[in-house]
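As written, the chain order gives the labels A, B, C and D, with residue 1 at the start of each chain.
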């Protein structure tokens, strides 16, 4: 085998929630038998944005906040790849917030995992969009990106895990990857992933989370119902975990690609069969 | 009478009215008819950043030989609005013909039309409203009159109408053909019978010409170069590129996306490029500003991308529909930090095609951003050009690895150091080619690294591309008399004007030469050399600070030899005005020397 | 009186929906007796983004998509101004989408009016985030920004008007301005404003709109309830008009400004009383 | 023994270990103690873009006289990790002292420590864990030993601890004071008794010094200049500016916001500036790239804003914690289209303060963007400086109108043409001052206009500011021997190194002079003049392409006289290395000449 880069030891602080996400991803990708060369990781900038360095894959370290547009470009150009976006809450909800809402709307075949620690870890602990009111002088209420996802027509998979609950996290990771693999488009998984150094929320989250997967009668197929339940739980100060919403809608790539051709990345550009079409385009200017 | 008619050699025609009046349509139809009868055409638009209203104008030059600019004088003007005539009057002379919409009355005394000019009033609007209950048909009516006047055949006009309006459905076609017929009747009434136009139309060339804008030529070049992913966000004057590709690219299995903003555009394009797909984006100044972080990422992470900048008047939102070449600095110096890039500058639609192909090849061969600098004039003006031989295009993909070639390698490093600064690329999905790609400084494997020794080598590796690419970069095209004491330097839409000014000067016994840059960056020695070798070089550019001239000086150009000609009022330069400037400046130089 | 700029005649096409918005704004501002010099309009780029030129005010033509951050800066620096943001759907939902969600969250004392015509008017009719599926090859479902607003904790005023219903539009414009004037923060009013040239939706909207103001039992104070009703109406292909949600939360400026001082824009920077504080800051480096 | 001790003149100390070990804390405490006893201190950090782990180092120079750089040799090194010692060994000599954490064993043979160096092993970590159940107290323990070694008084050390850890609560303070005591005991054990340090500390100055970074000085200057609105988004190495202002600005009724991204930052700042509030933003390369569209808007719409760019290694994400000066091009040429701007470059914390005040005044006087170019070293390194006389600051607000002055005017035009290019500004809320402000081209009232005549005048109006401001711009500071044949040009963090290299060269009989730029743009004649007047000018800059040198050449600098010294490996230059380069280059010049 050709030697390629060797995944390194994570640079995360001991106890960082991101370890749990890495663990779940490695296990899930193996379980689904995704060959390493078909995995394409698109990572944000932040502590969380180094995850791609710790497993075997094609890894890309995006610009801050640009995970989703980049991942969408990858998927459209080569839909055979298993495209996984990973990043932090600052990356995905602050500077990347606009892309998040448009990606829900667009529904590309990408699994997107946000390691939400309610702070900007790598820049040393400033408030992020999911920081609670009062944290570092934050005057705003914390965003619930799952509710945001529910509000966007086109969103098809919304889930939340907690790195302190590894078994459920693995199941959700598997479900997310499967949703996308089944051609259903964007699977969005937020993982509560404490930053032990700047915002150690293990205690709050241990007691605050609420497992909706085990709630009787909860229907993840009902958008408005999910929204209502989320609102209730939020008012009770609880953080719902589990598969919160799953819908059906064709993935973007199935709508955007011409099925008569190989995908953009896989075309032979020197195929002589192209000449006739080029000639036709040329003729269109002579008419 | 037809035997004694002069041949149509060179005629500039303006149609002007309110926005929405359809002046552009008239001109575009005439251009198409001229093309179809073997003449040359060149068009220009003067529009506003609003959808209806305001005074707009479209200009056409009908020539026997190729001219890539509008003439300095206007031979024929058609106006639907009296404001328009005042605006254009200074371009008229005593041989000009003025056709105005007389629905609202006669031409006022202070219209500014020069004495001697032939003035014809026709109530286009009145006829349009009477016949079709809509004012908008006045443009179709008027084109009939203009066609007659310059000697175009009624049938050819009809054919062009069928082509243009046929796409819009049977009803639109019918009304417009009827309007054309009305126009022909009106022409008869004012004494312009069929086959009794002013000129005889003689085909310039047996082979058919293309009628194409620079934007279209770029888009077409991209497809033929194997481009398969395009992302854009609407912005004047670049949007046509996206629109042409939306129609054509999917026919070749390509993808065009219009995401939520230019940040998404450039990063989506980066994503596609990462997979080894030939990718392009197009924008104008404001979008280019927003893309700066992405541009730097391309440089650092060594990702190939073609970025088209169709320049308009800046700064900021500026004058969105007006031409400028004032993004040169941003193209050459934009993005924070040091990284290599290429900036190419075509001057004709044909060059737009070939330079786009070249840009695609260079981007992949050297794994970096390649810019194509257009301007509103080059982007949007229609021109007849000799057919492009699209079959000759060669797709060069640079150092690419597949599973087989990887299997033979002991180790694969995405950023392996190499003599030419370029490392082989294995597209994601290739077994054995796993890599890390990052905008952080990194080692050969793409692992983040701040090791000073590695940093130094990586920076030098990237920068060394600027050397290794030298032979591959398009050289300036030279025109005129190599020994002439007066030189020109220009890019983009200055091209046609400079060529015409040279002809005028030559006719007056003043020989000149012209160095038409094709590569703005890296600045090749040839350009500073040119300014050192020629004692008086007019650097003609559409901006207020002489960005191109300054760039040349920064790289060894001879400032004392340079005369900057700067246009930044949004109005395209005319050859005669350039000639005047040259003569004045030469005079004042002689005075100073004396 | 000093002569200042003269409001010009709108450059809009005859029949453009934006005329109705202008009309409502002029009437409402006069009715509320906001002096012209206290009105600050922040406009986007687009056909809609020229509205500020057609009335007496301090007008600012922002960068494309940046109406809300700019308006927020204005309000924080000088809360005495009546700050009105206006722009199009491309401006506010596409390039400005991220700012919209963060502005809901932030709740600055700004009235924000989006003239939604489901297209990019000024650039000649491309698809926008509110374009329906199929319009100009659009593969996505149209965004409902009111539902987006409902999903963001912190949003306090969400309404939709229709330029074809001027009486209701005026009432909603008044309500929006009053909400903000009462220190409740961001009032967001989307106006369905047809683009007769590129996306003439008068016919669809005339029949498609649904007046929630006159629905018995509809409670604009209930976030989850509003979401549910919006979802239902959407499924029925109806476009709800009226005051959809109104909540209470202090405006950003009341949280961000130090009440012991004049607002930033109104301070006398040469006040000798400042010297002692500056001295103290200087001493902090000597300690 | 104390009488015979040498005076502490100049000592460079490194503390190095793993990220999170607290090396920075040790150095900062020592710097503070030195400041408090009247010595000069200068610190430097070498950290990674990760929160824990990796090898980091903090360096301190303790001096009797002012030095704004670290010494070329390291006199004392404290290492918690053996990797660290290998990394630093080349800076040690036979008089250096090495203190290492011997918890894990002795120093290996291949540590690289030069012969003759005094090596002291102390099991800091072991003691910390035993006493406090946590490794992190090793830094407090070690600072006691270093304090003793260099002759600092135990009480002064305690006072510094109380100040620093007191803020973190009683428990933190108690543990750290205990750790200090443990350290003092360990010092006793290795023979470093109280008052028996190596040096005698003699106060350099009777007046107290400030201990301050460039970032802090900028933030402080902003407040005193009347800055009342600041927006930022976290980014190394600029974040400290926001953090300092978050604490202080509200105390003066000012507002600090950290919105969702840099686009929001610059536009929120534009909003505040529109109201007539003095406003500033601070960022680093990636943020500056994202702000480009906003920058152009400031230029076009004539909005005053101060933009601080704390430069780090680029391009793209680059090496976030490492110094560079590679955004010069983007600062000077960024944004599409032509518009005026000012770029200022302080070299010391004191200059950071004064240049920020100046920037605020210039921004409002000329109504345009004013950049302050910092670099990671200047931004983050602590230095002792003479107290700033903040009482002398003069706030100049330029042409502002209030209701009263407006009432006396017949007509108010926001963009009235004027001789100096500046038009009077009436803040929103002022009766009678209504105006339109736009990034489109506009007429004097601010109405959108594409009239060519208006366009030309408006462009010239804006550009003319670059002339009218000339007398107002900070001039270069000159140092050294004005007639010397060897010159230096530099900005920012090169300042201290150049000064020290000049001293070294002078001591070796080589006189030099130094032109320390304060204004990068517009490029004042003085700088190209300097390169023409001095036969060999070393332009020292932290980037790979010589951006500053190229800028000077572009404006008439003499390329043949310029020797570029380029540092781009992320490692701060040392004076001795600069001296070597000067000597080598001069030799090779002489060879070429011969």
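By our rule, a contact is a pair of C-beta atoms (placed from the backbone, for glycine too) under 8 Å apart; a residue touches a chain by one contact, two chains touch by 3 or more.
Keep in mind it's a predicted model, so treat the numbers as computed, not measured.
Novice: With contacts defined as at the top, give the pair, A-B or A-D, that has more of them.
Specialist: The comparison resolves to A-B.
Novice: Pick from C-D, B-C or A-D: which pair repeats the contacts of A-B, with over half of them the same residue pairs?
Specialist: C-D
Novice: Could you tell me the distance, in whole angstrom, between the mean C-alpha positions of subunit C and subunit D?
Specialist: Taking the average C-alpha coordinate of subunit C and of subunit D, the gap between them is 41 Å.
Novice: Between subunit B and subunit C, what is the gap in Å from one C-alpha centre to the other?
Specialist: Distance between chain centres, rounded to whole Å: 38 Å.
Novice: Could you list which residues of subunit A touch at least two other chains?
Specialist: 50, 61, 63, 94-95, 97-99, 102, 106, 129, 256
Novice: Mark out which residues of subunit B touch at least two other chains, giving numbers and ranges.
Specialist: 49, 260-261, 286, 293, 297, 301, 316-317, 438-440, 448
Novice: In their shared complex, at which residues does subunit D touch subunit B?
Specialist: Subunit D reaches subunit B through residues 48-49, 285-286, 288-290, 292-293, 295-297, 299-301, 311, 313-322, 324, 326-327, 329-330, 332-339, 438-441, 448, 450, 452-453, 455-456, 459-460, 463, 543-545, 547, 550-551, 553-554, 556, 559, 568-571.
Novice: Flag every residue of subunit C that touches subunit D in the complex, lowest number first.
Specialist: Residues of subunit C touching subunit D: 1-6, 8, 35-38, 40, 42, 50, 52-53, 56-63, 66, 69-78, 80-81, 98-99, 102, 106, 256-258, 260-265, 267, 269-270, 274-275, 277-279, 281-282, 285-287.
Novice: Applying the document's contact rule, which stretches of subunit B touch subunit A when the two form their complex?
Specialist: For subunit B paired with subunit A, touching residues are 32, 163, 208-212, 216, 220, 223-224, 226, 228-229, 231, 248, 250-255, 257, 259-261, 263-265, 267-279, 293-294, 297, 301, 387-388, 390-391, 393, 395, 397, 406-407, 409-414, 427-440, 445-448.
Novice: So in the complex, which bits of subunit A are touching subunit D?
Specialist: For subunit A paired with subunit D, touching residues are 11-14, 45, 47, 50, 61, 63-65, 90, 94-95, 97, 120-124, 126-127, 129, 137, 197.
Novice: In the complex formed with subunit C, which residues of subunit A make contact?
Specialist: Against subunit C, subunit A makes touches at 94-99, 101-102, 105-107, 129, 139-144, 147-148, 150-154, 223-224, 227-228, 231-232, 234, 252, 255-256.
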